[in-house]
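Quick one: the structure is below, and I'll ask about it shortly.
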Amino acid sequence: MSDRRRITGPESALPLVFAPTPNNQSTTKSPQEKTNSGIRNFFIKTGIVSNCNGSCFLEVDNTTIIVSVYGAKPIRGSSVTSASFSVMTKVSNNLEELSNFTSSDLSHSKEEKEEQKLAKEDEYVTTNQIGKTQLSLVEQKLSTYIQTAFLPSILLEKYPKSSIEVFINILTNDSHTNSSLLSLITWCANCTSLALVDSGIELKDMVSTGIAKLTDDQTVVIDPSYSNEGRKTVGGQEVRAVASYMSVTDTVVGLMIESEEGVNGEMIEKVIDGCNTMAREIRSNMNGFLVSTM
Amino acid sequence: MSFSVSEKDYLYQSLSSKTPIRPDGRKSHQLRGIEASINFLPNSNGSSRIRLSDGSEVIISIKSKVVKMSTLADLIELDLTIDNLRDDLTFISDWTNILRNSLLRNFADKFECLKLTTRYYFKLYVDVLFLSSSSNARTTKTDTSFLQNPLSMISFGIYLALKSTRLPLLISNSNDKDIEELPTFNDDWSSTVLLYPQDEDEEIKENNTTSQNSSSPPLLFVLSVVKNNLFIDPSIEEQEISDCGLVIGWCSGKVVSPIESLNLNQSGSSEYIKGMHGQNIIEGIKMIENVAATVSKGLDEIVKDGNNSVFMDSIF
Amino acid sequence: MSEEFQLKPVSFSPEVLARIAPELSLQRHLSVGVRPCLRSFQEFKSVQINPQLDSINRYTSNQGISSKSTVLGSSNIKCGNTIIFCTITGGFIETLLPNDEADENVKEYEKIYENSEKQENNQQDDSLSNFRTVYPIIEIERGRTGAPTDEEMIISQTLHDTLLNSKILPKESLEIDLGLKTVDKDNNEIIIYPNESKDIDSSLFQFPRKYSFVLYASIQVFSRSGPILDAAWLALMIALKSTKLPCVYFDEKNSNLLNDISSLSSKKSVKTGVVNAKSGSQIICDPTKSHDLKLNNSDLYTTTIGLIELDKDFSVEIEDVENNEDFKALSVDKHTRNEGEPILLCDIEGDAEENAIGSRVVVIPDINTEDDDNLVSVTIIGGGSKVTKQSIQNSIGLAKLRSKNLQQQS
């Protein structure tokens, strides 16, 4: 059944297939030389969307995110004692689909590996998700993470019979440095936090989120940016983690750990500590920003 | 329908005390007993059924199909149906994602088994049906207030089903790089190959635990955090009042991703959701490290026993 | 009951009045020569054209070639508070070669295409079939999900039709001159294109089928405060100007593997996909080479002017307008306007104006021609307000002025 509400173009159109960029030609220079210990510079601005209750714009490297908060708005015909809270994410529909599962990492004969790599790299055919109704996998994961992480922070019982809706729009995502899903989650969460503050909805505490990875040699890298070079080392014993904190109660409200191999408690402890360090730094940054905008 | 304030308060008090008391009297690292059987669906390559004593039931069927190579991530498809709930509910696709990702991530060696020729692969379709004990009490297709988190149970089911999966034997040439040829199979069911080969020799198994374990499907464990206490396999009452939920994967003797926080509270009220401390996560991982091996051993027993329905209780 | 019953006049603060009686509040504003948004009647919103989103354009990224992006062109504009992002992506479509047996579905498509054009433009020049348009999807962020709203549908359709009818995008611009990926003497893979290699036998480039691009536009609008057709059109035009089309080559070697990939992607076009996937799979975009999209006339701008009549009953008399410096400047319009003529409002903003404005005039002037009176289109929507000859002329004048300003800006 064709979509009659949208102008979707001819049915028989094929998506563009781009050949993989030859390595020597992808002159990837990291926009900002990054040392292992720091967090990349980021730009924030609140209140840029006028027809919502609170909004925030965040830019880090080439990733740009707009979060708008709608609510608390009344829901008709419902008599719940606390507000419902929902998160919708939209990755601009022509950005490549992020995959947190990298098929090229899997062990196969060399020849085959190359073949698969080709298949993998060719994945970025145009995704014309025109008229799509369901969220993509990435959008889904992002929404769920943010919803889980922010549920404890919002005083939902102050807003009976109403709903609070968060809309996350990822306008651009940097395909050079951090196409990783975890990194995207981190920045979306931090942006959401400021948008919620901007909306004036009552919060127990601001949530701040950090990302860290534990490399082969057991060193913790905060806010890792995946340059082309870095991506090749993925697949070793590497643990990547995102954790969201409410610093008043010092509790973890959101957590996502990824690794190709098995992990143990010690590794988790290290990587979570890294996240905590970054989250605290982000928090003090956000505090400074909020004070300066008062 | 939900718990009253005093009921919740009582539960919270008893679970958060120093010597916690779970409503069903379990120890904090004790799972609920399950009744399981495998291979009961004659039409599928592998199947399993798990029942809890409260009447919840999970049925898994695994079917295979020959596909042309695309990307490895496409080789497993998972479909999750819960009671008669609408399938576009967000948490259902969340759970599907978690289950599917854990399978894909920890299936690495197994993709080799799915490989038929240089061009063709087996594709596995994992169909999951979860029937919850509260389905009768439900009035609408979106009412989820009394749905317990089934991730753990489903992962056990998938474990059993995958271990019992048999794939037909290829009789055509496995190298078709130069000449394209459709793969053909032996049509005798008795000559099919197990996806996860069973070790016949008990002793080898004992000595060689690691290598045996390396070919196990992943398991997922759901933990509920209440103050400083952790509870494995939380019941619906425990989910309702937990500070935070945690899902931890386990495969081949190791804790693996996903390690994620989880919203256990399906009824939508957030008064008890508080988050957890960093230490809880570490403790949770330790708990899983202790318990998981026993669970997988227990499940392996069921596979060995074949078609008989086995009631596992004392094992956990 | 000794208390005396009295009828007191209720008075509201301006904010409250604007909420409970938007019409009245608007009329009162207008009668003193200012709009609720504090602009004067014929003052346009400021337009800021930001540099395109460098990081996402595949071929113009400032960090070399963006290896994963599929975006061919983009724009980012700010119009008052409203922010608009527009991205252009593409697809292939087979086109008919003369006297060639083409796929059924291609014929079908061509037929539909021609038909629809004919129906729309019965009276017009047949040459419209030599022009193409883009397929826009517009999304106006307003905290809801689900099916597109009426406004989104109408604007998409308007953009689609306007672009076609203004003959900006000639058919030839989207046609693909296929190159060929082959192996040279030293067994190196090379890609040759017909236009850059004169010495190569042109018979090499005889391909069984001919392909064209189709362009899709995705437009996202934040902070909508009034009708957004003008801004959306502007964003689309700027994005189209920045669009670079990839060079495309035919790959003989890689056919097998790519067959698999395109069979995956052909899920969308279920009925027709199978046939096309086979032939289309060897058509590959060059990762680095591209050329500009050629447009006929990229200096067309739509301008929407709202017409509203002043209601005498609602007006406020300010006694000493003459003496008040602030009002003097604002009430110029009021005095130059003839009695009975509707007021012209530029860049409609706010719910009150949107609801109260009965008629809108949408003008697209052609400012590139010598003859100053050339217009591409004039549309009058609605009939709620009186539309006079004078007001149409004034609207056209305003539209020309604005177009010239925008031309200078971009």
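By letter and in written order, the chains are A, B and C; residue numbering begins at 1 in each of them.
Just so we're on the same page, contacts are C-beta pairs under 8 Å (C-beta built on N, C-alpha and C of every residue); 3 or more make two chains touch, one makes a residue touch a chain.
Computed from a prediction, not measured in an experiment: that's the story for all the values here.
Engineer: By C-alpha centroid distance to the whole-protein centroid, which chain wins?
Structural biologist: A
Engineer: Between A-C and A-B, which chain pair shares more contacting C-beta pairs?
Structural biologist: Pair with more contacting C-beta pairs, A-C versus A-B: A-C.
Engineer: Centre-to-centre on C-alpha atoms, which chain is most distant from subunit C?
Structural biologist: Most remote chain from subunit C, centroid-wise, comes out as B.
Engineer: Round to the nearest whole Å and give the separation of the Cα centres of subunit B and subunit C.
Structural biologist: So the centre of subunit B lies 50 Å away from the centre of subunit C.
Engineer: Distance between subunit A and subunit C based on Cα centroids, please, to the nearest Å.
Structural biologist: The separation of the two C-alpha centroids amounts to 30 Å.
Engineer: When the C-alpha atoms of subunit A and subunit B are each averaged to a single point, how far apart are the two points in Å?
Structural biologist: Here the centre of subunit B sits 27 Å away from the centre of subunit A.
Engineer: Mark out which residues of subunit A touch at least two other chains, giving numbers and ranges.
Structural biologist: Answer for subunit A, listing residues that touch two or more other chains: 115, 119.
Engineer: Give me the residues of subunit B that touch two or more other chains.
Structural biologist: Where subunit B meets two or more other chains at a single residue, that happens at 69-70.
Engineer: Note the residues in subunit C that touch 2 or more other chains, in rising order.
Structural biologist: 260-261
Engineer: Write out the stretch or stretches of subunit C touching subunit A in their complex.
Structural biologist: 53-56, 58, 63-71, 81, 83, 85, 87, 89-94, 103, 105-106, 109, 113, 135-137, 141-143, 145, 147-148, 153, 156-157, 160, 214, 216, 218, 220, 222-225, 246, 257-258, 260-262, 265-266, 268-269, 271-273, 276-277, 280-281, 283-288
Engineer: For the complex, give me every residue of subunit B touching subunit A.
Structural biologist: 69-73, 88, 90-91, 93-94, 97, 101, 104-105, 108-109, 111-112, 118, 244, 246, 251-263, 268-271, 273-278, 280-282, 285-286, 289
Engineer: Once bound in the complex, which stretches of subunit A touch subunit C?
Structural biologist: Per the stated touch rule, the residues are 5-22, 25-29, 31, 48-52, 62, 64, 66, 68, 70, 88, 92-96, 115, 118-119, 122, 124-128, 130, 165, 167, 169, 171-172, 174-176, 179.
Engineer: Along subunit A, where are the residues that touch subunit B in the complex?
Structural biologist: That would be residues 80-82, 84-85, 99-101, 103, 106-108, 112, 115-116, 119-120, 123, 134-135, 137, 140-141, 143-145, 147-149, 151-152, 154, 156-157, 246, 249-265, 268-269, 272-273, 276 of subunit A.
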